[in-house]
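The following pair of complexes shares a single chain, chain A, combined with chain B in the former and chain C in the latter.
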Partner chain A sequence: MTHAVGLHARPSVKLTKLAKTFGCTVELAISNEGPWIDAKSIVKVMGTKAPKDTVLFFRASGDDEDAALTALVELVERDFDEGSEEAANA
Partner chain B sequence: MPEPAPCSVQGRPAAPGLAQGPLVLLDETVAVSGPAAGPDEEATRLTRAIGAAVEDLTRLMTGLDAESAGIVEFQIAMLEDEALSAPALAGIAEGQGAARAWQAVLDEQIADYAAADDEYFRARASDLTDLRDRVLRNLGGGGATAAAVAGAILTGTDVTPTRFLEMDWSDGGGVALRKGSPTSHVAMLARARGVPMVVGLGDIDLSAHREALLDGESGALILSPDAEERRRFAEQQAAFDAARRAAEPFRDKPGLTRDGQRIAVLINVADPVELEALDPALCDGIGLVRTELLFHGDDGLPDEERQYAVYRRILEWAGERPVTIRTLDAGGDKPIAGLTAEGESNPFLGLRGLRLSLARPEVFRVQLRALARAACHGQLKVMLPMVTRPEELQAARRLFQEVLEELRAEGVDCTAAPLGIMVEVPAVAITPELFAGADFFSIGSNDLTQYVTAAGRDIAAVAELGDTANPAVLKLIRSCVEGARALGIEVSLCGDAGGEPALIPDLLDCGLRSLSVAPAALGRTKAAIAEVDLAGRAENGSEGRHGQA
Partner chain C sequence: MSKENVGIVIVSHSSDVARGTADMVRQMVGDEVPLAWCGGDPDGGLGTSVETILGAIDQAWSQAGVAILVDLGGAETNSEMAIEMQPEERRSRIAICNAPIVEGAVMAATEASGGASLDIVRQTAEELSPG
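And now, the complex of A and B:
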């Protein structure tokens, strides 16, 4: 994750909104050993307080698990669709 | 009741501008009542209160710009999250009242954010406070907040983002907080809307005062001002507004004089947060990063990793543009507990700047290590403050060299950076030729002015004497610029004078071609530069008589 400030307010809103569009469970962690938290809960996602350059781990389980993982990884790779200048204002 | 005596308190600037108006104290507590009914009813009351809060916020969102709407949208998403409501409902099931249960859950979240390492996440505590109080008000705790008068100066411990957005700022006004942070959502909103804001005023009693003047440039709040102060402030405010309007079109253009000479305009930065809302393309780099703020945290002196992370972030923001980071300039009017000397009778002439760093090499080495590592990530220049004798520069250079060797031996990535000096002690300005060992000079006009005019920066009664336009100060600046040119050393200026439109023609006459100013002064500085006809001034003798080529 290269977002200027880290996993903060606006990126968290985008991430949880996207996660909620899938039926499967989606979980997120900032270490491959967990702890895993519900990626559909903004309270929990913000609670990770992940700074810039954190590696985010996702796991999903359910019918559309592959689509969910692809979409979430793409969102992070697109820097949450925010230009670095605009992102800084969030 | 007699009018309280005028007094002035100093805080930290969070959004530029000036405001004059009635003081409005924000509600600082919301009363919490015990359970009014059984668990089922209390649960319904909480669910309704949260639902009503979501509705309020949704209404507030209409008509907002994208940035403000984003902040409200974040709050709505938090409110709708069961991760907040579920534990509160569980508390209700155990017999707590709706208000108490909600408050307990939110207070835990607020405490968690307030303890975060990262200032950005710490600042989120005020969003959570906002949500807590909005729902508590809906539960009948505090009732609606008093409508603030337009043009008022809001004061209190902290202010919530939605409270800020509910205010009508079209008639001016400002925000003055005991606590608060320049990274809070409110500070970002205030900067975006041009609402002056000052934070960190400390534990002051505001209750006796009805009116105030707020200076978001200097961070001062003047309480119960007298007629003379009002008149002076009104003049300042009118000039500020006019200059801001006139300067706006120049902000995103390069600094060019009327006759087409390029003047580098860089920025001074005290807090990396200031960079977040700023486009690097607006400036030619950072001419001064003050590192004192890093040393003011509650957790003591910052370690190498923390310093490295901050320096690196600043360098990455600037990209290819040069970034001059000043080593710790503590002492003088900037004491740091546990580091600076106590009880000095005249701290501005005491153990400050590089003098202190050389006296405390164990602290200085940590900063130099962090700088040497950060130098890999951009165009870093390292600047030493308060240099008085060439030996001090040599000692600092030796330490920097030792630190580089140490890091290389440890296998840590690092690189050397140009090492330059602030020219602020008259001894240096008078004999620049003795400092040929410096890689660059940067004239610190604030301290140079105070030392040349013997007028303390912290003493209001002599403020008028501490004037950079004093011919003696300008003469020294000119001789220093000429001295640097003769040595082939680049020279710039990084004091407040660089952003003062009235002084800019004089500074350019002195031969300066590089100025570093506060980010808020970028527009007015470039606008003032565009007025200057350097070729014409040289012909008319305003420059030629001093022999400047």
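And now, the complex of A and C:
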């Protein structure tokens, strides 16, 4: 994650909203050993307080798991579309 | 579609706080959630009034219900009064969240934007508060 302020309020909201658009379970961790948290829970995602340069791990399980993982990784790689509200709301 | 999502009402003693909280919800979460705010007395001072709360509930009304975020004392009691004055079929679909007003509003709106039920929206806002 390269976003300047890390997984703070706005990025957390975007990540959670995106995760919620998928039917599969989506989990997030800041270590590949976990602990895994529900990426659809805004309170838990914001609670990670992950700073810049944290490596985020995602795992998903369900019908649309591949699409979910691709979309979430892309969101993080795009720095959460900060500065480009229109794209994020599309 | 957005009218299917739970609405959010922000009730503060200060119109600045209420409007600012609503701004944060709009900018951080977006406009998929019906949102209304009210605060201050008619003379521009601090206070809350049942009448303006009733108006805000109407404005943010959704078939899925409305979650109210309040700041202190009168905001909560006047909100309770406003709920009592609603038609009976609406009353069970309005919930006052026991959560900090700004943080609770953002959390509740995020949850509501995904189509969650009123119960879940309220639980999400209240998850923030210490046990």
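Structural remarks
Please note the rule applied: the second predicted complex is superposed on the first by the 82 of 90 C-alpha atoms of A that agree within 3 Å, B and C clash if a C-alpha of one lies under 4 Å from a C-alpha of the other, contacts with A are read in each partner's own complex, and residues count from 1 in each chain.
Basically, a residue touches a chain if its C-beta (ideal position, glycine included) is under 8 Å from a C-beta of that chain, and two chains touch if they have at least 3 such contacts.
Fair warning: this is a prediction, and the values are worked out from it, not measured in the lab.
Partner contacting the larger number of chain A residues, of chain B and chain C: B.
By the touch criterion defined above, A:Pro51 lies against chain B but remains apart from chain C after alignment on the C-alpha atoms of chain A.
When the two complexes are overlaid on their common chain A, residue A:Leu75 makes contact with neither chain B nor chain C.
When the two complexes are overlaid on their common chain A, residue A:Thr16 makes contact with chain B and with chain C alike. Looking at the shared chain after the overlay, A:Ala67 reaches neither chain B nor chain C. Judged by the touch definition given at the top, the superposed model places A:Ile42 against both chain B and chain C. Contact with chain B, but none with chain C, is seen for A:His8 once the two complexes are overlaid on the shared chain. Within chain A, the residues touching chain B in one complex and chain C in the other are 9-10, 13, 16-17, 41-43, 46, 85, 89. Touching chain A in their complex are the following residues of chain C: 27-31, 106-107, 110-111, 113-115, 124, 127-128. Listed in rising order, the residues of chain A touching chain B in the complex are 4-6, 8-10, 12-13, 16-17, 38, 41-44, 46-47, 49, 51-52, 85, 88-90. The touching residues of chain B, counted against chain A in their complex, run 67, 70-71, 73-74, 77-78, 81-84, 109, 112-113, 116-118, 120-121, 124, 127, 185, 188, 192, 275-277, 279, 313. Chain A contributes residues 9-10, 13, 16-17, 20-21, 40-43, 46, 85, 89 to its touches with chain C in the complex.
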